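What follows is one structure encoded as C-alpha cells, with my remarks underneath.
Residue numbering begins at 1 within each chain, and the chains themselves are lettered A, B, C and D in the order written.
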Amino acid sequence: MKQEIVPIHSLEFLSKEILELTFISEYLASTAKPGQFINIRVGDNFPLLRRPFSIFNVDENRVSIVFNVIGTGTKVLARKQKGETIDVLGPCGNDFLSFVDDSFDTAVFVAGGIGVAPFRFLTKKLYNNKQIVTFLGGRHKEQIIASGLQNIKIATDDGSQGFKGTVLDLIKDDFSKNMYKRPRFFLCGPTRMMKAVSEFATGIGADCCASMECDMACGIGLCQGCNIEMNGGDKKYRLVCKEGTIFETKNLKF
Amino acid sequence: MIESFKIGDVEFKNRILVASGTFGYGDEVPDLVDISKLGGVVTKSLSMKPRDGNPNPRITETASGMLNSIGLANIGVQKYISDKLPVLKKYDTKIVANIAASSVDEYCKVLELLDAQQRVHGFEINVSCPNVKEGGLSFGTDVKLVSLITKELRQRTRKPLIIKLTPNVTHISEFARACEAEGADAVSLINTVIGMAVNIHKRTPKIATTTGGLSGPAIKPIALAKVYETVNAVKIPVIGIGGIVSWEDAVEFFIVGASMVQIGTANFINPATGITVAEGVKKYCENNGFDDVGRLVRTLQTNKTISIVDSWL
Amino acid sequence: MIESFKIGDVEFKNRILVASGTFGYGDEVPDLVDISKLGGVVTKSLSMKPRDGNPNPRITETASGMLNSIGLANIGVQKYISDKLPVLKKYDTKIVANIAASSVDEYCKVLELLDAQQRVHGFEINVSCPNVKEGGLSFGTDVKLVSLITKELRQRTRKPLIIKLTPNVTHISEFARACEAEGADAVSLINTVIGMAVNIHKRTPKIATTTGGLSGPAIKPIALAKVYETVNAVKIPVIGIGGIVSWEDAVEFFIVGASMVQIGTANFINPATGITVAEGVKKYCENNGFDDVGRLVRTLQTNKTISIVDSWL
Amino acid sequence: MKQEIVPIHSLEFLSKEILELTFISEYLASTAKPGQFINIRVGDNFPLLRRPFSIFNVDENRVSIVFNVIGTGTKVLARKQKGETIDVLGPCGNDFLSFVDDSFDTAVFVAGGIGVAPFRFLTKKLYNNKQIVTFLGGRHKEQIIASGLQNIKIATDDGSQGFKGTVLDLIKDDFSKNMYKRPRFFLCGPTRMMKAVSEFATGIGADCCASMECDMACGIGLCQGCNIEMNGGDKKYRLVCKEGTIFETKNLKF
C-alpha cells in the first residue's frame, strides 16, 4: 500500500452520467487486484476525507476508476483536467481472486449501477477455466457500462436498455431458462439489491460473495468507522475497508 | 535543533504524537508510515474487556470535520498486551496507552495491568466515558470525578500520567487544575466536541448513536482557545489536540502554549501527517531562530490593552 | 402550505429569521434582499449607550467558519429608536430587538425603552455578555443570572421574550429549563463558540481580543446537538442557529426539533440566504407531504436500541 | 449593488505572478466606478467567505480584476476556466472620483504591488484636465503591471525594473527633481507603504487619500468586521467596506 501523487491521463464520459478517470501509476498498475479499491483525496482542502473508488481497469501503467457525479467529492473530481495530479492511496481491501477458492465453474457477476466498477478488471483476471455471466442493473441506460465484460445481460428500471425491471427479476428469469454449472455469485452495488440477490443465490445453493459499501473515514483500518455486522462468528463486527470489502454474504447480518 | 521533550522520566524524541483512536494500536500502517519518526503513539482507548463498539453508521463527514461514535471498539487490555505490545517492540518510539473505563475501579485495573509492561511508557486517561454508576453521565464533565480518577491512578504508577480532557464543559481550566493538584504529569486536550448531523431524506441521525464526537479542522479554533485557557491556569505541560492537519496548525498550538501536540483525524487523510508536521515544525523553528522547539512554546503576544470586561464578542 | 409560526401573540410569516449581528439593523441591504419575505429580522445587539466595539482585526476566516469579536459595536438603543425604527416601517416583517448589557439593570432599561415601541415585535436577549460586577465573566454561563435576567425582563414586557443561549456551557438544557421556568417564550441557540486562531508569522492572535466567537458551517454539528439536548428538556419553542447556509441545513434543525431557525454567517456570503432557505424548506415540505412546516418539527427517528450508557464515543 | 452569476471571459497571466480574470457583466460594466471593488465567491464550499478585489478594468460589457496567487482563495480562482461562471457581488465601497473634489491639478498615483489594481480604470476615467504621474512599487519586476497607466515611474526592491529601492525613495527622489502643480495623492497598496507615503504627502502640504485594505467577512456593511480607527472625529471607527475603502489619510489613525 502506498500514497502517491499521480498525474491524470484522461477523464472521459462513458455514458451521459458516468465518467472514467484514468491516471498513471506503475505501482498501482502492478499491484492492484480485482475488487480492491483506492482512496482518493479529491481536493486540497475540500472535501476533508478521501473518497474510495473501485479499480475499474488497469492497462500498462494506467489505472482507472468510474464514477457518477452525486455529491461534493465527485463534483470536484469531475472538474479535474488532464495533466493535473491527484493523491491516491492504495490498493486497499481484499480482492475477489484471493477471496474465492476454485470450487465453482460459472462466475455470476451481478452489478447494480456504478457497482459494475470492479467487474471489468475481474473479467480480465479471472481463471481461464471459468464461465462468466454478467448481469447489469441500472435505473436507465445511461447507467449501464458494459465494456470489457462477457456474456452480458442487462436490466433497467425504465426498460431503456435490455430487460425492463430489476436485476433480480432478470436473474430469476434467466436462471429459469438457462443452466449454469456450479455457479458462484459475485455482487457489487446497492446493499438492498445485494441482499435480494444473495437470498436468491442461497436459495439455489450457490456460494455468494459481495463487495460491501460503507462510509469510510480512512479506508485502511485506522478509524474503525466502517464496521459491518456479522451473522454470528467470533466478532460482532468486521471492518469493511480492511477485512472486506468482500465478504461471503452468508456471514453478513444484512 | 532540540526537538525532544520530557514528561516525567520519559523522553519523547519530538513533540508530535498521534492521537488515540486515529492510529489503531500503532501496527496498522507500517508500510505507509515510519512510526519511529514520531514522538510517540497514543493507542486506541483500551478497556478491561474487549468492546465491539457501536452499530453502523459510526462516522459521517461534516463541514471541515467529521463526527464519530465508534463506541471505543477495542480488543481489550489483555489482548493488547499479548498480541500488540510484542509487535511494537521493533519501533523506536514511545507508546502511550490510552485508557477508557466505565468505573473508577476499571480505570485502576486497566492501568495496573499496563503499568507492569515495560513497553508501555506512559498513560493517557480518556475521561470522556459514561459513568455507569451515574446513569451514563460522562466522568469528564464532573470535576470531582476527574480529581478522584487522577488521584487513584497517580498512586498506581510512576510513569507519565496524562489526563485527556473533554471540551464539553464550561471551564476546562478547572479540570486541568484539579488534575495538576492530584499529581498528573500533563493534560491533553481536546477530545471531540459533541455534535450531530441529520439525514434529511430518511429523517434519521447520520450516525447510529444520534450524537457523536466532532473532530478535524472545524474544531481547531475551539481547541486553540481551550489550550489558551488551560496554559494560563496550570504549570504542567499541556498537550494540544484538535484539527491539526499541517505543520502550520501545530505551530499555532505551540505558540499558544502547548508543549506537545497530537494528530488525530488528519491521519485518516494522510497517515504520515505526524512526520510532515514534525519536519515542518523543525524547519519553522530553524527559520525563526529557535534552537529548541520548546522556545517556541507560549510565544504568543496578545494585545494587552484589551481588558476582559471590554471583550464583548 | 402553512409556513407561519406564532410566539406569544406575534405571528411570524415564516420560520426563518436573520440572526443578530449578521444583518445590521435590517436597512443595510434593501437592494439585495426583500426582507418582507423573511419571518423576521433580529437586530444587532443593542446596548444602552452606543458602543465603538473592539479594535481591528475583528474577524478571521477558519476552516468552514469564521471568528469574530466585533465587541457589540452598536449605535445604542436611543439612536436605534430614533433613526432606524422609522425606516423599518415600510417592511412587512417582524422586528426582534436583540439586547446586550453589562448589568441586569441595563438589560431592564434597554428593554423598557424598546417595549414602548410598537414597531418592535419581540425581544431576544443576548446573555453572552460580560457581567461587569463579576469581573467580566459571562452572564450566560451562570444559570442563576440567566434565571434572574429572564425573570426581571418577563415582568417588563408582554411581547415575545426569547433568551439566546451560549453553547459554551456543560449542559445547555439547564439554562433552557431555567428560562422556561421564569416565563421566557422561547430560547434561541446557539450563539458563537469560543475559539481562537494564531498568525504564525507575527505570533499574535488573528483577532485583537485573542479569543472570539466561532460561527459558520463548522459549528453546525455542535448547534444541532445543543438543539437536540434542549428540545428534549423544555416545552417552549427552540430557535435553532448555527452554520445554516442552505435549506437542507435548516431542514436538519427542524427535524431535530427547532421551531424556527436563524441565518447568521451565511448572510455575509449571500445576503438573501434567508429567502432561499424559506423557499427550499417550503418545497421540501411539499415534496414530503407536510402541509405545515410545523409538522416537520421534531420528526427525527433515532435508534432506540442504543442506551446512553452504551453510547461511548 | 447586485449579486450575479457571471460567465468568465478569460484568465491570463499579465506577468509571471499576476493574473487578470475577465468576466462578462453588463450591470457591473455600466455601474462600477474607479476605486470600487467586487466581492467574489471563489468556490462553492471553499473558502467560506467571499474575497474582495478592486475593479481593474472595464471594457464594453467586460470587467476584470488582477490578482496574485497567495492563499486559498486566489489558488481556487487561478484554476478557473473560460466558460465557467463565478458569483460576484458589487460594486462595493466608495470610489475615487466621487471622493475627491476638483482642488488639485496633478493626480499622483502610488501603487504598491497588486495595489496597482484600481489605477488603470481611474486613469481612464479621471477628469481630462488633470495631469497624472504614476509611481509603481514592487519587490521585483514580475509584480509591476503598467498597462493602461500614464507617466509611469517604477521602483523595485531588487532593482530588476526601474529605480532600485522603495516607492517612497523613488517619490522623494522624483519630487526633489520635478515640480508638480497642486498635487493630490491617491494611494493603494500595503498599509505600511501607504502610511509612509502619506506622511511625505502631508509633509509637502498635499492632500492624500488611500484605498485601505482589511479582512472582510461581508464587504457590504453587515458584519462590522472591517473597522478602521479614525484620527478624532465623531466616530472612533469606520467601516472600510462601506464608509471606505477610500479615506483621507489625515483622518486615519494609521
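Odds and ends about this structure:
Here is the rule we use: a residue touches a chain if its C-beta (ideal position, glycine included) is under 8 Å from a C-beta of that chain, and two chains touch if they have at least 3 such contacts.
Given the structure is predicted, the values throughout are model-derived calculations rather than measurements.
Across the assembly, the mean Cα position most removed from that of chain B is the one of D. Annotation: 46 Å between the Cα-based centres of chain B and chain D. For this pair, chain A with chain B, the centres built from the Cα atoms lie 36 Å apart.
Chain A and chain D have Cα centroids separated by 53 Å. Each of residues 55, 63-65, 68, 70, 216-217 in chain C touches at least two other chains. Annotation for chain D: residues touching 2 or more other chains are 45-46.
In terms of inter-chain touching, the protein chains here make up one closed cycle, each touching precisely two others. By the definition given earlier, chain contacts exist for A-B, A-D, B-C, C-D.
Listed in rising order, the residues of chain C touching chain B in the complex are 51, 54-55, 62-65, 67-72, 100, 102, 128-130, 132, 135-136, 141, 168-171, 191-198, 200, 202-205, 208-214, 216-222, 224-225, 228, 243, 248, 251-252, 255-256, 284, 299-303, 305-313.
Chain C makes touch with chain D in their complex at residues 21-24, 28-29, 31-32, 44, 52-53, 55-61, 64-66, 68, 70, 73, 216-217, 265, 267-272.
Chain D meets chain A in the complex at residues 43-46, 72, 75. Every residue of chain A that touches chain B in the complex is listed here, in rising order: 1-3, 41, 45-50, 89, 214-218, 220-229, 235-237.
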